[in-house]
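Multiple structures are listed underneath, in structure tokens.
Two complexes follow with subunit A in common, the first pairing it with subunit B and the second with subunit C.
For the complex of A and B:
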């Protein structure tokens, strides 16, 4: 997992990023579908590269992800929403907000790993490092130096809760304590 | 007064002459064909020797392979056609497959499978029309390192091997560029002209066509719209006049990725 260090290196954009029509909604259904798939791949790879868990669409519009400066082409908010909807149907994104009801909202979870996958990743890591039955603070899990080489390092606390609650449901972990002082024990 | 036989005897004479000609022709033909048959068998054994000695080169060296294929074509032997010949010449395997232990055939058949994969995977973005060079680039990019190089020529031969399957794969020349078409769709003259124009800058606009091809607006618009609806052109709406891009340029520019 050497590639999982937070990379400051620039993201290697795929070739179609430099294809001007890529930023305009294609009128032909088949072409549009191909376009959506390419965008979906691009967003997932980009977020994985930069360890972005939750994407704010409005803010992203001016980043290199959705705005190709050298071509001076950009994605509109409507087009991005369409891409997100497409990703959601593929199980690779979810609208953030109250109960996932924020459809058309601004913030969106990008599941380059979905909560299930995160949950098993946590579990594997705890298993590998022989920390079962040890109490770990949530801060330790995602912010301490011990996990700096892990993909979940620096994870959004909301997502962390989601992933842990999956393990709790399966009886593989127990979360206790108050806000900010929460700890977790894996079984 | 006896300049020419105009009597009945003339008929006899001409009949005799033609019979003589025919018999002479027959004997010529038979002697010719035996000599050709000997030549052919000699040639075949030589070709066989050659192919066996150089089978490895044929497989691994693209320029050698191309030369070999060209030589075969020049003397009227199509390595691929003769291998798919119905019934196989010498019992089991074909003449060619026997010669090379199937390696040349296998090479092209394997390549053909890759071509079909690439065409299938990219059909959505290009409407089933893809440049030979793009196919080659895509295949090369997924190949393992150290594997032998392939050329445009190899790709075209591979596409030809698909013909006996009755598939819709065929090649299509537009301007200087050769495309592989994987959907049974004919382009009309206007559409070909638009695609050819799009090869120059990567895109066309309606007014470009109006100026350069002296087309009325409606004609330019129709040709473009048809191609767009076939996924053969992508629209860039973020410019003064809409630009219609050829998806081939998606691979042609920028970095790898």
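For the complex of A and C:
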């Protein structure tokens, strides 16, 4: 699991989380479709709640997300992959790895906000706080106390790079500096 | 009224009367009255039963179906057809004025000989003094056993005019082998002829009771000598051998003891004459004499698709048998085959009739009665299983017995009752007419047969299994109900089942996703099944579970396995699985796979139910 600051409050699971058939693959096409959609919503909400950007499927199998202790029901890895694949098609997930090579791998980006959304979020925040044309370090952007109320607080550095590179392409930001000491300037 | 309306079963076949047996079916038949076609009765099935000839119209069976009681039929003629005219059978009704006389004449003829030995009245005074208003036709005849050539008496109740293959025959007294029916019949006829043709010569030879024999002929000897009637003296007419004086049976040509030729003046002259009574026991009233003929028009059946000849043959058979006379007649008495001291105890005719009964009072009497019945039942079972022919003859009694056992065990409505109902009501291939369409006719008749079998309320085949049954189970059940004879091949069976829809019968064949074929009432649709399933699952919301459940059972209810469903609805497990999967496929249910097995739930996942919000 990626580095994050887990919320202290427990995640309010939806009611169907306690519905035993929810954990079995439904053979009927229509039911299966809506099962996938429900799982997709659940995973996105869960990740948003806990600020999870990148999910390791193997590790997640034993978390409360995929394992309902009270029912003693869990999702199989195959079913989880199916859900992730469904989310990918909807643009809500992406296999982590270079150039989509991680398909079917272990790590997966969960786009409860996708990179474009993050990019505009950054830009809005900079705009709102009047920090245009000032240089910010990447560390400052995600870990400082100034951003603690923001959703991107504690963001995965790789994701941060992705989001910033989108802004760079649009010509709205410039990234400079060395590996560890990178800074960014918004225009 | 010559033409009668009839009741049809759910499968649009004539409803049978008790004891009625289907003999023949032919389709594509039209009706004529006199020379004219009867409108709306030109295309139908004809069912020949032992009692009636039924016409069931193909187009509007409920309205245009008719029956003709065979007892109202005076004559029937076959016209074989010429060039374009189809073969026809003409039925001439009895003149209505005389039909009553006719019936009476027949019944007086028929009953005494049948009831003579079993009727309690005639036995009331003494078993050895039978006051007989009429001589029993054939009880003096003897038949010679083909195995050991012992001459046995023809049983007293054996009446050649009414006896048929079903009449039980006692085995040879010496070697115990069963005689062929035809053999005994011939002997009986010969005996009758013998008696009629030479009463005087028999009188000359004064009958001497033969002591060495069993008591059966003895009874008649006593009786004949006490009555002293000329006609009855011919019973047990024996004549002594001229060489050794052994008393030989009249039908023997050489002495049983010394082998000397017995051909003498005693040889009955009429032995070879055709027996006049064997064909028609009725008096001459049977044949019409001019007047009264015009009262009713004759009815013609026109066979456009063949089958006239076979129907004519069968009609002839059933007109001779006259099964309808048996309706009110007492059951055929058992042959008096017991010997020695217990003959009195075992003579009571059948399960129901009480023969001479030793008068006993109180518990002893009841016990005695029970013992009698028990003994008699043993006898019935014993004779029935002795050989196949006897079994066929006693089938009806055995079935009745099985039913009585069954009801006394308190296990009503088991398969034996199905046997009873199925016997005689089945269509077999040989009942159907020839021609190119005979195969399809057989299938469609079988199809109707099956539909009746399924929808019969008395049997409740479908009701017992929750309204649904796999075709294989039905096949097994149906063949079992046919009593192991005239079994239906699986191929024909399936074909017949597939015809239900086409014939608009109240049952339907359904194929599950897995290919399993099931049978159910046509009013039961998938939607109905789903509705009942859902109602059941909804009920589970309100009943608290036996143990603590980790989920909100008031919201979600509980999951059910195929077994639960099978128990609940009386289905077989296979059917329950299929039904649940069908409901799942339609989106009404969803599944939960776990180590406890496959459970089905109301579908809270799908969109069809009310949406459960993403956050509680």
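Here is the rule we go by: the second predicted complex is superposed on the first by the 181 of 187 C-alpha atoms of A that agree within 3 Å, B and C clash if a C-alpha of one lies under 4 Å from a C-alpha of the other, contacts with A are read in each partner's own complex, and residues count from 1 in each chain.
Just so we're on the same page, a residue touches a chain if its C-beta (ideal position, glycine included) is under 8 Å from a C-beta of that chain, and two chains touch if they have at least 3 such contacts.
This is a predicted model, so every value here is computed, not measured.
In the superposition on chain A, A:74 contacts subunit B only, with no contact to subunit C.
When the two structures are aligned on the shared chain, A:20 is found in touch with subunit B and with subunit C. In the superposition on chain A, contact of A:30 is made with both subunit B and subunit C.
Using the contact criterion defined above for the overlaid structures, shared-chain residue A:12 touches subunit B and also reaches subunit C.
In the superposed model, A:41 lies in contact with subunit C only, and not with subunit B. Common to the subunit B and subunit C interfaces on subunit A are residues 12-16, 18-28, 30-31, 34-35, 38, 72-73.
Listed in rising order, the residues of subunit C touching subunit A in the complex are 550-552, 555-556, 559, 584-585, 587, 590-594, 599, 601, 603-607, 612-616. Of all residues in subunit A, those touching subunit C in their complex are 12-16, 18-28, 30-31, 34-35, 38, 41-42, 45, 70-73. For subunit A in complex with subunit B, the touching residues are 12-28, 30-31, 33-35, 37-38, 72-74.
Residues 124-125, 127, 203, 228-231, 234-239, 243-245, 247, 249-251, 253-257 of subunit B touch subunit A in their complex.
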